[in-house]
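Note that chain A is present in both complexes that follow, paired respectively with chain B and with chain C.
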Partner chain A sequence: MIEIEKLYFSYPGIPVLEDLSTTFKEGRIYGLLGENGVGKSTLFKLMCALLTTKHGTIKIDGTVVERKPSCLSKIYYVPEDFDGPDIAIKNYAAGVSQFYPNYDDELFARLLADFEIDANRKFTNLSLGQRKRAVIALALALKTDYLFLDEPTNGLDIPSKALFRRMMAAAMDEKRTIIISTHQVRDVENLLDHIMILDRRSVLLDKSVSDIQQEYEFGVSANAPEGSLYVEPGLGGCTYICENKSGEESRMNIEILFNYINLKNKQK
Partner chain B sequence: MSDTFDFGRFGKLFKYECLNYLPRYVKGMLVFAGFIVASWAFTIKDGYALNDRTEMIYPLFCFAVLLSPYFVYSDINSRKKGYIYAIIPASTLEKLLSMSLMCMVVVPVCAFVALTATDVLLWLFSMMGIGGFKEIAFLDLAVLLDYRVIISAIAFVSTPMMFNAVFRSHKILKTLLFFLALFFALVFGVSFIVSALSVNLATERAFEIWLGRTFGNCSAQDVISFLEIMLLLFNAAIACVTLAVTYRRIKKMDY
Partner chain C sequence: MEYSEHKPIYLQNVDLMQEKIVSGEWQEEERIPSVREMGALVGVNPNTVVRSYQLLETQEIIYNKRGLGYFVKSGAVARIKEIVKREFISNELPQFKAKAAMLGITKEELIDLL
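Showing the complex of A and B:
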């Protein structure tokens, strides 16, 4: 479990995270959402000890996050832009995988084959999407307890996005925690177990998908129902979110949910 | 498993760095070897003197070793790429030792082999001018294993290692500017002290008396030994400081 307590972080003159407290539990795929600049990538870097906290603590399995082997071997981070070194994918994987005891070489080979990436090719000879596919395959094969993916579907083509979702679903188990930060919410909508929406100063929403579905009703209709909390007109009718009075769960629309929560926060 | 140092993990880290970082240096070595080939090509018409090539290989070797941290560990503190190095599950001590081993042993051996092999090939190819490889003084093991040489070599390599870890961009240029600034500061400082001593005759006299008392009864060899000890202490201090700064940068660098 990752426990974040009263976390404060700022870049020179720019406060990013203020008094953030939350937890990430095992066996869940978290969707970390927020407007640009609220600190999603910064939070990932703090959880990997790539940045130093100003105040507050981040604990992984009860131990404060530090740049030391016992902590780093539990986590892996895939940033939004992965350039990769000027060597073949298989060499990079051979070097990195030694440090991760649960690494599955067969899985890596299978994932690369599924993604149609040749392990003999150098990262520098690949497109952004191909590099992304290669590093996602490696990240999943390392089988770390905690996996942080920053905009994983950026640069992926449509078939790769579907493949990514399948891989993520297959990679999930009760011990793992995967946190995905993304603006492409439709790409990962069906994957997520838990949604966290961040604002610069607070966590606006921190709920499981099933709680959200029990609390809210999502739908599309020619006219939005009376008492809708947020409505977005479109060509096919109005997409809306309203309180769930019937108790029946509807298919969650993260984009509408995000816009509603953000709007509610700004109106405060 | 210790979070400070583990031999198995250190071996893995060293292997990782050999696989990931060393290939970058090969390109740099090709450039250095290219200098020898170019000089050979330009002088082939007039024959080639024995000393020329020997004299060329030694400074090239020093440059190749001196610049190696900038090539091999070029992006360890890059905000974009450096995270790859930072999240490797190895301790800071292991990372520092692996970097030192790479820059102080592996790279010099590679540089030596590459430069000498180029020289041998040129000699075999043309049979003109005996290759520098036959005359390389620094191959003398007795010299190489002298503790004074080892400490000097550590200071020589740990300094660029530190600057490579400190500067994020334009590293070589910034290092040169730093040394330029240091040189001017030293010149200014020495000039100031000398002029201050010259103005004050009493101080000048006291200094002469101190010199006389300290070195008056010493032979030239004693003075040389004293200066060697001072140089050794200076090199040891440089090595300790630069390695300590590099350690701290690896541990605390933000990305």
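Showing the complex of A and C:
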């Protein structure tokens, strides 16, 4: 479990997180959502000690996160832009995997093959999408209990996105905590079982997908039902979110949920 | 596999699994993929897939053999057809009738078309 308490962070002159408290529990794939600049990437960097702060604490499995192998061996973070060093993928993996006791070399080879990436190639000779595929394969093969992915589908081509979903679903187990931050919600929505929406100061929503679907009804119709909480007009009709009165679940529409929660927050 | 309907993912997965049984791809009394295997097959979170299996279990379509995994129950095909028929009568048929009425298609015309 990750416990975040009263976390503050600012870049020189730019406050980012202000008094953020929340928890991330194991056995879940979180969708971490928030408008640009609310500090999602900053939060990731703080959770894996790439950034530090004097104000507030982050504990992983009850221990304060710090730059020590015993702590960092449980965590892997895939940033949005991964350039990679000027060496072959296999050499990079050999180096990095030293720090991760659960690393699975066979799994790495299989995932790279699925992604059609040759481990002998250098990162510097690969496109963004290829680098992303290589680092995602490595991230999964390291088998850390905590995995943070920042915009993982950015740069991936269409077949790679489907592969990515299948790999993530296969990698999930009750011990792991996976957090995916993205604006491309359609790419990952089938993977998520928990949604967390942040703004700079607070957690606006922290709910499982099944609870969200039991609480709200999502739909599209010529006219949005009376009492809709938020409506967006479009080609196929009005996409709406309203209270779920029937008790029947409809498929969560993350975009509409996100827009509704953010609007509600701003109106406060 | 692409999901696009308005049904929640776990129910769409139930539909998919029911189809596999009715089509004979999964035979009665045969072992089916585990929750994790199914999740990996369709790219869906295993926690979501668990809900599909739970529903199929309460519908007496699949059952769990301790330590061996999930199996298709005998008589599952007939039960699925019964469930889908009820859904068709309560959901799709009224929509179909409403649309025919809106377009002014008579019962006789419909019978001819069918």
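As a convention for this text, the second predicted complex is superposed on the first by the 267 of 268 C-alpha atoms of A that agree within 3 Å, B and C clash if a C-alpha of one lies under 4 Å from a C-alpha of the other, contacts with A are read in each partner's own complex, and residues count from 1 in each chain.
Here is the rule we use: a residue touches a chain if its C-beta (ideal position, glycine included) is under 8 Å from a C-beta of that chain, and two chains touch if they have at least 3 such contacts.
Because the structure is predicted, anything quoted here is derived from the model rather than measured.
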| item | value |
| --- | --- |
| When chain B and chain C are modelled together on chain A, clash or fit | fit |
| Centroid geometry (CA): angle chain B/chain A/chain C, rounded to a multiple of 10 degrees | 150 |
| Touching partner for A:Y100 - first (chain B), second (chain C), both, neither | first |
| Touched partner set for A:T52, first chain B, second chain C, both or neither | first |
| Contacts of A:Y230 with chain B and chain C, given as first, second, both or neither | neither |
| Touched partner set for A:G27, first chain B, second chain C, both or neither | second |
| Touched partner set for A:D86, first chain B, second chain C, both or neither | first |
| Which of chain B and chain C A:F258 touches, first, second, both or neither | neither |
| Partner chain(s) touched by A:S70 [first = chain B, second = chain C, both, neither] | first |
| Which of chain B and chain C A:Y216 touches, first, second, both or neither | neither |
| Chain B versus chain C - smallest C-alpha distance in the overlay, whole Å | 28 |
| Common interface residues of chain A - those touching chain B in one complex and chain C in the other | none |
| Chain A to chain C touching residues, read off their complex | 27-29, 162, 165-170, 172-173, 190-193, 209-210, 213, 218-220, 249-252 |
| Parts of chain B lying in touch with chain A, wherever the complex brings them together | 1, 3, 6, 9, 12, 15-17, 19-21, 23-24, 80-81, 83-84, 86-92, 251-252, 254-255 |
| Chain A residues within the chain B interface of the complex | 45, 48-52, 67-73, 75-77, 79, 81, 83, 85-87, 91-92, 94-96, 98-100 |
| Chain C - residues contacting chain A, complex | 3, 5-12, 36, 39-48, 51 |
